[in-house]
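Quick one: this structure, given as structure tokens, is what I'll be asking you about.
Note that the chains are named A, B and C in the order they appear, and that numbering of residues resets to 1 at the start of each chain.
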């Protein structure tokens, strides 16, 4: 089951540059929430702050309050590694581990976190690949084929399976379909829709139609600020803010 | 690509306004026919109807193209939806004008009688409503559209009054029943046109403000 | 024009092969006659006596190279990891500079340094000190190769691992290094092949030995030393044996590189 996310007064910097300015946002559990905005608006930075990936970039840091379920992400005793284990992430470009088999990729998060039960691992790998709608396509080549030998769309679903295998509560997706063809994209979108039964999904996208298709809630970012956050249909039919309207109608930039 | 979309939107607006002009013209000609008892104007209304129907089809096609090719959002999406609905209303206005023209033709074929109803005044009001509704669409002015909504009540009252008076007339003097019935139907058609003008005004408000004001919509009253 | 460039490239590639093949052919012609069972199994005979072999030197070279690898490979890879993953700072630049300088230090100087640091303190020449000298020479090559290879691993691969909640050290060892392993192994092999034939650093460290020795703290024979000693001797018989020793040394190096390549190739593809 997914958990909700509560963000209060979140600021993020790259060195001296403020990338996110006092973001407040409440993401409900088991919903798909889209984050849209023009390039450089901070939307990717925002989701990367949710699982403390932001600070892996040199000189980047964030402050403020992010609560994911009961977990205080930026609390004093919080361990970024543990945070990232509980909040899965899927990236823009499919990034399977190049030297590992399909099975190895999905099991990597478990193995490298010290999970040893082989039978249970087999089950988790199968479950994750099924959830990612990839099982039927790869079940005969789990150990024979490398993750990098799959097609782009399959690689991305493999990456989703890999993220799901460690059983996160929240799944963050940073433009997960931007490098894929339309058929693979619609598969990923269908998958996102299914996933919300089990997870809370936050998806960054520069494709507004995609946000409109998959998300129940949509937040519009501009120059590091959250301009408007509402039901998706509201954002795309009758946004309250002029800047949102300019962006969704394409009159912006 | 965006400017191409903007061109499409502008073209759509222009086509709809031209169609509105045709509908307005049909109302005015029908009224003129009533006033002058000249069947020439009735023939003009009947001859003008196919052009309105063609315009409706063109606007539907262009709207569909824009929806499919440009996937408009927010204000643009509301604009195209409003255009589609106004389009249907204007086509109906054209039909009502034809109905009026046909009643006038019937009326001319009968002896002229004095009836206690001022159809030209009512037609004036209705024509103004259509005109203002189209004006509000042209400029995207919700305030003008709101004024149209206010006028609908007046036209409704005029039709109700005409109804009472004409029924009375028919009872008092059954010899002019046919003429009274024609005028009653003309009044009802005018009232229908006023309803379409009201719909158009509501669609303009939806387009401009994103608020649904139909049937005294809750958003609007807030 | 295009064809001309292609032809030139092919010609250059062939010209590179020529000296390599010539050296190898010359070694085979000069040396193969003296390679026999006795050469591979016996220790050297005193000067003037026919027969004898370099068995002790073959084993000694293997022993010294094993010590060098045990010493040089982990340190080289470790410092390479530091440079790539943590060394984007002044200290990293300093280490990088030091490694480049070390790479350029003449091998005899390294031999002398190890002599004064280890041999003088222990008061005798040893296989261990020879291994340390060669190991030191391996470090910069391996470190820079490891760094270059790790930097070529796309950052998205590291991010994928961090995103799974895998700690940085684990990501570096199990993901980044594994992804870069082909290049890192090539770097190690280059370093290995380079030091395998070194003579100068062994003069003051392993020193050489006419007899069997498998103890780490005793002077030990090495093929390169033996070839050197025999080649500058006045005896014809020793000259022949020097050619044979050089041939065996080359074969050992090529064999070791090929063996590592073959054993690691399978594991990389099938993993």
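The working rule: a residue touches a chain if its C-beta (ideal position, glycine included) is under 8 Å from a C-beta of that chain, and two chains touch if they have at least 3 such contacts.
Quantities reported herein were computed from a predicted structural model and do not represent experimental measurements.
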item: Touching both chain B and chain C (chains); value: A
item: Of A-C and A-B, pair with higher C-beta contact tally; value: A-C
item: Per Cα centroids, the chain farthest from chain A; value: B
item: Identifier of the chain whose CA centre is least distant from the whole-structure CA centre; value: A
item: Chain centre separation (chain B, chain C; CA means) in Å; value: 94
item: Approximate Å spacing (C-alpha centroids) for the pair chain A, chain B; value: 52
item: Whole-Å gap between the CA centroids of chain A and chain C; value: 47
item: Chain A - residues contacting chain B, complex; value: 208-209, 212, 235-239, 244-245, 248-251
item: Residues of chain B defined as touching chain A within the complex; value: 2, 5, 71-78, 210-211
item: Residues of chain C that touch chain A when the two form their complex; value: 88, 154, 156-157, 159-167, 170-171, 174-175, 178-179, 181, 268-271
item: Complex contacts: residues of chain A adjacent to chain C; value: 51, 53, 56, 58, 81-86, 88-89, 91, 93, 95-101, 104, 108-109, 112-113, 146, 159, 162-163, 166
